[in-house]
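Look for subunit A in each of the two complexes below; its partner is subunit B in the first and subunit C in the second.
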Partner chain A sequence: MSNEDIRNQYTVAIGIECHVQLKTKTKLFSGANNDARAAAPNTLVNHIDFGLPGALPVLNEKAVELATKAAFALDTKPQLFSKFDRKHYFYPDLPMGYQITQFDEPIVLGGHVDIIVDGEKRRIGITRAHLEADAGKSTHPVGSDYSLVDLNRAGTPLLEIVSEPDMHSSAEAKAYAHELYLRMRYADVSDANLYYGNMRFDVNVSVSKTDELGTRTETKNLNSFKSVEKSVEYEVARQIELLEKGQPIIQETRGWDDAKLKTFSQRSKEDAHDYRYMPDPDLPPVTLEESYIREIEKSMPDLPDDYRKAFDGIGLTGAVSEDILATPVIAKMVMRAISFGAEHAKRIAFWLMQPQSEEPEGEDVVVDVDVEKLVALSEMVGENKLSSTAAKEVLSDMLKSGEDPEKIAESKNLIQVSDEGAMAEIVTQVLADNAKAAEDVKNGEMKAIGFLVGQVMKASQGKANPALATQLIKKQLGI
Partner chain B sequence: MSSWQSISTIAAKVNAGQAKATELVEQALAAIAKHEEFKAIIVTLDAAARERAVKIDARVATGEQVGRLAGVPFIAKDNFLVFGAETTAASNILRGFNAPYQSTAIEKLEAEGAICVAKANLDAFAHGSSTENSDFFTTLNPRDKTRVPGGSSGGSAASVVLELVPFALGTDTGGSIRLPASFTGCVGYKPTYGLVSRSGVVAMGSSLDCVGPLANSVEDTALVLEIMAGKDSRDSTTIERDPKGYDLENIDISGKKVGIITEYMGEGLDPKVAERIRAAIESLRQAGAELEEVSLPSLPLGLAVYYVLTPAEVSSNLSRYDGQRYGHNTPGATDLHDSYTKTRELGFGAEAKRRIMIGTYVLSSGYYDAYYKKAQTVRTKVINEFEAAFKSYDFLLGPTAPMPAFKIGANTDDPLQMYLSDIMTVSANLAGIPAISLPCGEVDGLPVGLQLFAAQKKDRQLLNFAAKTEELLHG
Partner chain C sequence: MAKLSRDDVLKLARLARIDLTEQEVETYANELSEILQYVEQLSTVDVEGLKPTNQVTGLKNVMRKDEVIDYGYAPEKLLENAPSVEKSQLKVKRMIG
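Showing the complex of A and B:
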């Protein structure tokens, strides 16, 4: 049997837990600043984050609002009742000795995310999503006999989104991770910056020859779509190989080596903690009013599917549509441009579309220009005032200077000559200078007309409208 | 009569310039020094207290009204975080820990001109009924040095009875204010759960912990509560204060319906204590109150429920004391796990360890349902029984403790016997209702406490009724 045949005997089941860092100003249970990107270690820490005696957590209402938005982005609603629990374990980056999380009454239950893989739509179920406080960051300098703890991240609000084991391939896992990323970004729930670890994925993989799920492994802390994809590929192959050799799969937590593209064993189930979950007596349950939920629903921004529908309506589909979506600031401009006409929106989309890199970069793309100006530029192209080449030149200037496209085009002398009188003179001169080619065209060698148009363009320093030039050449040659 | 006048009188005199905060502080510090042998105090805050007193006197000199507690010295149990003071909760693991922030209760008292002069002894982390679990020393009962003052707020109670200060702060998780009040002979008040902020108070059992005063009279008690009560943005479990406040009104107790809790008057109750309680009942009856026995059959389960739930919360709340950021750290550890083990081994006393063990056990997977969850179910039953009783009765009544203060060392080898001293107090904590212990005569020269209960948020009504009862008992 070929490897592929063996592999096809197995069903792969993949479930993903994703930690989304919520974009609140302050932490989940304290007033300390939540933006740790540029802060020196342990500078964003107050008595609550530090776990001082007598310090009590107070829930950040903004986090509840963002979780509510996330619920809508997952095609569901938040629970009217949810509560917080303590999850106990000892570690220096967990100052209280417990993490505050939601154990049995999470803020979101249910929901789904649709993905498209190989042109087919698949629905991935969401089991739950719960709010929890992040731990701090530990580093273990190589060769030293100490570890360092930075508590800036301690208490940062996370929404952990847990999927059903509904994915069956690495491509689906990657597509799900990406779609989740898009939804959290567009719902304005998270900066969703993978570079800064705003979204981290734990991927559960199992393989089985029967209808029953096999023993799963969990590969933790993946921070790129590629590592989600590659780790699944690796785990599936590893598990099948073990089973084929008659060896058991050990239920365990695994790490990911991004350089070697391999998973490695970290902790088996035997040394798993007993977290001793307990309702947190310092925090009253979260009860949401229907009216509150309705208000948030009304304030929801457009989600990726809203964009896809709108783009589809103007003929932007598939990969093009996804490429635009990849950069929200551009997608939003294209969306606004639609009200000025599909033609403009499409043109603007193609102008602004970024070369798609595999992973979102550390810094967000900035496109600082008014949609109105982009539409004006598009109109100039539509009215033949600018060639498409010239339009790109104007655009690049406009993105830097923010000037009106008309002004830029004029100052750069790029306005197309569409004035018949002026053009006719140039054409006459070009035909005189290129008698041989003119003769060829007359004799039916239409190829040569391209050469003549080129000469007209050259003589006009690129400003001639090529369509008008062609028309005039034909006219003067009497064909 | 106490050597201290009522709190409102002292404050009025200070505000009028007839008494000096500086003198009051000196009086308190001198009394503390004089009664050192009772070991009520862990640390005095001489310099800070004197400094505050000077400032208060200066403000008065400019004609300012400093507040309702102007110049009044007080003592806080050493589980309250007070600026610039060591806060140990009488534990070795917090030895040397200086509070970088301050509890809301202290903050509110200081805002009205009160001055914290010392931190009082307690059972370490408030785990106990006698102060014998203090990692430092045992406080002696002011009425009989061979006996315990009760706990865990034993140092606070002794401070009031020794007249070191007009009032002291305690915390009550299962009776820790009321029991020592009963054993030493002062007033001890446990408010409705959430009425006084827990922010800045070393947590014991967070769903039961209450901050409250110990004082010479119900009047003083009500004034201190009036100042401390109310919602606090730093404690999400706090509740709104009574819009009418807690100042005493002249109420008529005739016609008030009072239920005598059957379960607290029967087996296990020292007959001589019962006699004192029955005498109090008779006084109330003669004053026109309507008293009859009422049974709350789940109350005897209260202690068992308490000793499942509290250790669970204790084991969780004590997790943060790991020697990594502050407090005691045992040197010489070979790795992280060893550091945790050695630090907690030496830092915690036997009782803290016992509760951590029990709490860890009842929260473990496989045991959670049988212990923690079942205890929560019974807790709900206790709450419901109280609620039902308060439909028929304005107040409930019983002794605070089954016996007067016991001898030092009498129960130290028998934790279960020690736990039994809380049998009549824990249920109020489980139900979150207010309760007060009033001095109610003596048995063989030892004070007895009468306990009164009211429904949740009926603190004002309870204090008014208690004030009248106090009058009847001592008037």
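Showing the complex of A and C:
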């Protein structure tokens, strides 16, 4: 039997837990600044983050608002009642000896995310999403026998989104992770910057020859779509190989080596955690009013599917539509341009669209220009006042200076000559100067017409409208 | 309720990160079993139809605005509580990695 045949005997089941860092100014339970990106170690901390005895956590209302938005982004509503629990374990980056999270009454239950893989739509169920506090960050100095802990990140608000084991291939896992990223970004729930670890994925994989789920492994802390995809591929192959050799799968936590593209065993079974969850007596429960939920629902920004529908309406579909969505500032601009007409919106989309790297990284793209100015530029192209090449030149100038497109085009002397009289003279001259080519065109060698148009463009210093030039050449040659 | 086994006590000790001597394992197996027996009386109470109580204050939605608060504890002061500090970080026994 070929490897492919063996592989096909197994059903793969994948569930993903995703930690989304919420876009708040302060931490989940303390008023410490939450932006740890450029801060020196242990400067964004207080007695609550340090877990000092007697410190009282107080819930950040913004985190509840963002979790509510996330619920809508997951196609559901938040729970009217939710509460916080303590999850106990000892680790040096967890000062209190427990993590504050939500156990049996999370803020979100249910929901789903639709993905498209190989042209087919698939619905991935969401089990739950709960609020919890992040742990500190540890580093391990090379060659030393100790680790260092920075608690700036301790207490950062996270929303952990848990999916059903509804994915069956690495491509589906990757598509789900990406769609979740887009939704959290567009819902304004998170900066969703993968480079800064704003979204981290834990991927559960199992394989089985029967209808029952097999023993699963969990690969933790993946921070790119590619590592989600590759770790699933690796785990599926590893598990099938073990089973084919008659060896058992050990239920365990695994890490991911991004350089070797391999998972590795991290925590053995005897360490299996007994978290002793208990309700946190310091934190009263959260109850949401229907009116509050409706208010948030009304304030929801457009989500990726709203954009897709609108783009589809002007004939931008599939990969093009996804490319535009990859940069929200551009997607928003194209969306606004639609009210000025599909032709303009499309032209603006193609102007602004840039090649996207597969992994979104670093800082956001900035496009600081009024949509009205872009539409004005598009109108000039539509009216043949500017060639498409000239328009790009004006655009790049406009993005820098913010000047009116007309002004830029005039100052750069780019306005096309569409005046038939003036053009006709240039054409007559070009035909006289290039009698051989003119004769060829007359004899049906249409290839030569491109050469003649080029000569007209040259004679007009690039300002001739090529369509009009072609038309006039044909007219004067009597064809 | 039966007496706690040696393994039960060792598991509790591990979860609580406490080292126990053999003598202590024996002592706590007895003492913890007695405590459990005492608490066991609760199982005789009829709780049919009662919701578990985990809050007694009656409070709900105690929240704060998303604004930075200066609590008046300087980071250096907080770090003074740590047994060992290096370069403003907490120095701990090496973890994996």
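The rule we apply is simple: the second predicted complex is superposed on the first by the 478 of 479 C-alpha atoms of A that agree within 3 Å, B and C clash if a C-alpha of one lies under 4 Å from a C-alpha of the other, contacts with A are read in each partner's own complex, and residues count from 1 in each chain.
The definition used in the following text is that contacts are C-beta pairs under 8 Å (C-beta built on N, C-alpha and C of every residue); 3 or more make two chains touch, one makes a residue touch a chain.
Quick caveat: nothing in here was measured; it's all calculated off a predicted structure.
Engineer: Taking the superposition as given, does A:G478 touch the first partner, subunit B, the second, subunit C, both, or neither?
Structural biologist: In the superposition, A:G478 touches no partner, neither subunit B nor subunit C.
Engineer: Looking at subunit A, which partner touches more of its residues: subunit C or subunit B?
Structural biologist: C
Engineer: Under the stated touch criterion, which partner chain does A:G421 make contact with: subunit B (first), subunit C (second), both, or neither?
Structural biologist: neither
Engineer: Pick one for A:P284: touches subunit B only (first), subunit C only (second), both, or neither.
Structural biologist: In the superposition, A:P284 contacts both subunit B and subunit C.
Engineer: Which of the two partners, first being subunit B and second being subunit C, lies in contact with A:P92: first, second, both, or neither?
Structural biologist: Both partners, subunit B and subunit C.
Engineer: Could you tell me if A:A32 is touching subunit B, subunit C, both of them or neither one (first, second, both, neither)?
Structural biologist: second
Engineer: Does subunit B (first) or subunit C (second) touch A:Q266, or do both, or does neither?
Structural biologist: Only subunit C; A:Q266 stays clear of subunit B.
Engineer: Pick one for A:P248: touches subunit B only (first), subunit C only (second), both, or neither.
Structural biologist: After superposition on chain A, A:P248 lies in contact with neither partner.
Engineer: Contacts for A:D274 in the overlay, against subunit B (first) and subunit C (second): which applies, first, second, both or neither?
Structural biologist: The answer is both, since A:D274 touches subunit B and subunit C.
Engineer: Is A:F50 contacted by the first partner subunit B, the second partner subunit C, both or neither?
Structural biologist: both
Engineer: Check subunit A for residues that touch subunit B in one structure and subunit C in the other, and list them.
Structural biologist: 47, 50, 52, 58-59, 88, 90, 92, 147, 149, 274, 276, 278, 281, 283-284
Engineer: Where on subunit A does subunit B make contact in their complex?
Structural biologist: That would be residues 47, 50-59, 86, 88, 90, 92, 95-98, 147, 149, 274, 276-278, 281-284 of subunit A.
Engineer: Spell out the residues on subunit A that touch subunit C in their complex, using ranges where they run on.
Structural biologist: Subunit A residues touching subunit C: 24-26, 30-33, 40-43, 45-48, 50, 52, 58-64, 83, 88, 90-92, 138-140, 144-151, 266, 274, 276, 278-279, 281, 283-287.
Engineer: Can you tell me which positions in subunit B touch subunit A when the two form their complex?
Structural biologist: So the residues of subunit B touching subunit A come out as 81, 87, 89, 94, 97, 100-101, 103, 198-203, 205-207, 233-237, 312-313, 315-316, 318-320, 322, 324-326, 336, 340, 360, 363-365, 368, 372.
Engineer: For subunit C, which residues are in contact with subunit A within the complex?
Structural biologist: Per the stated touch rule, the residues are 11, 15, 17, 54-55, 57, 59-71, 73, 75, 78-79, 81, 86-97.
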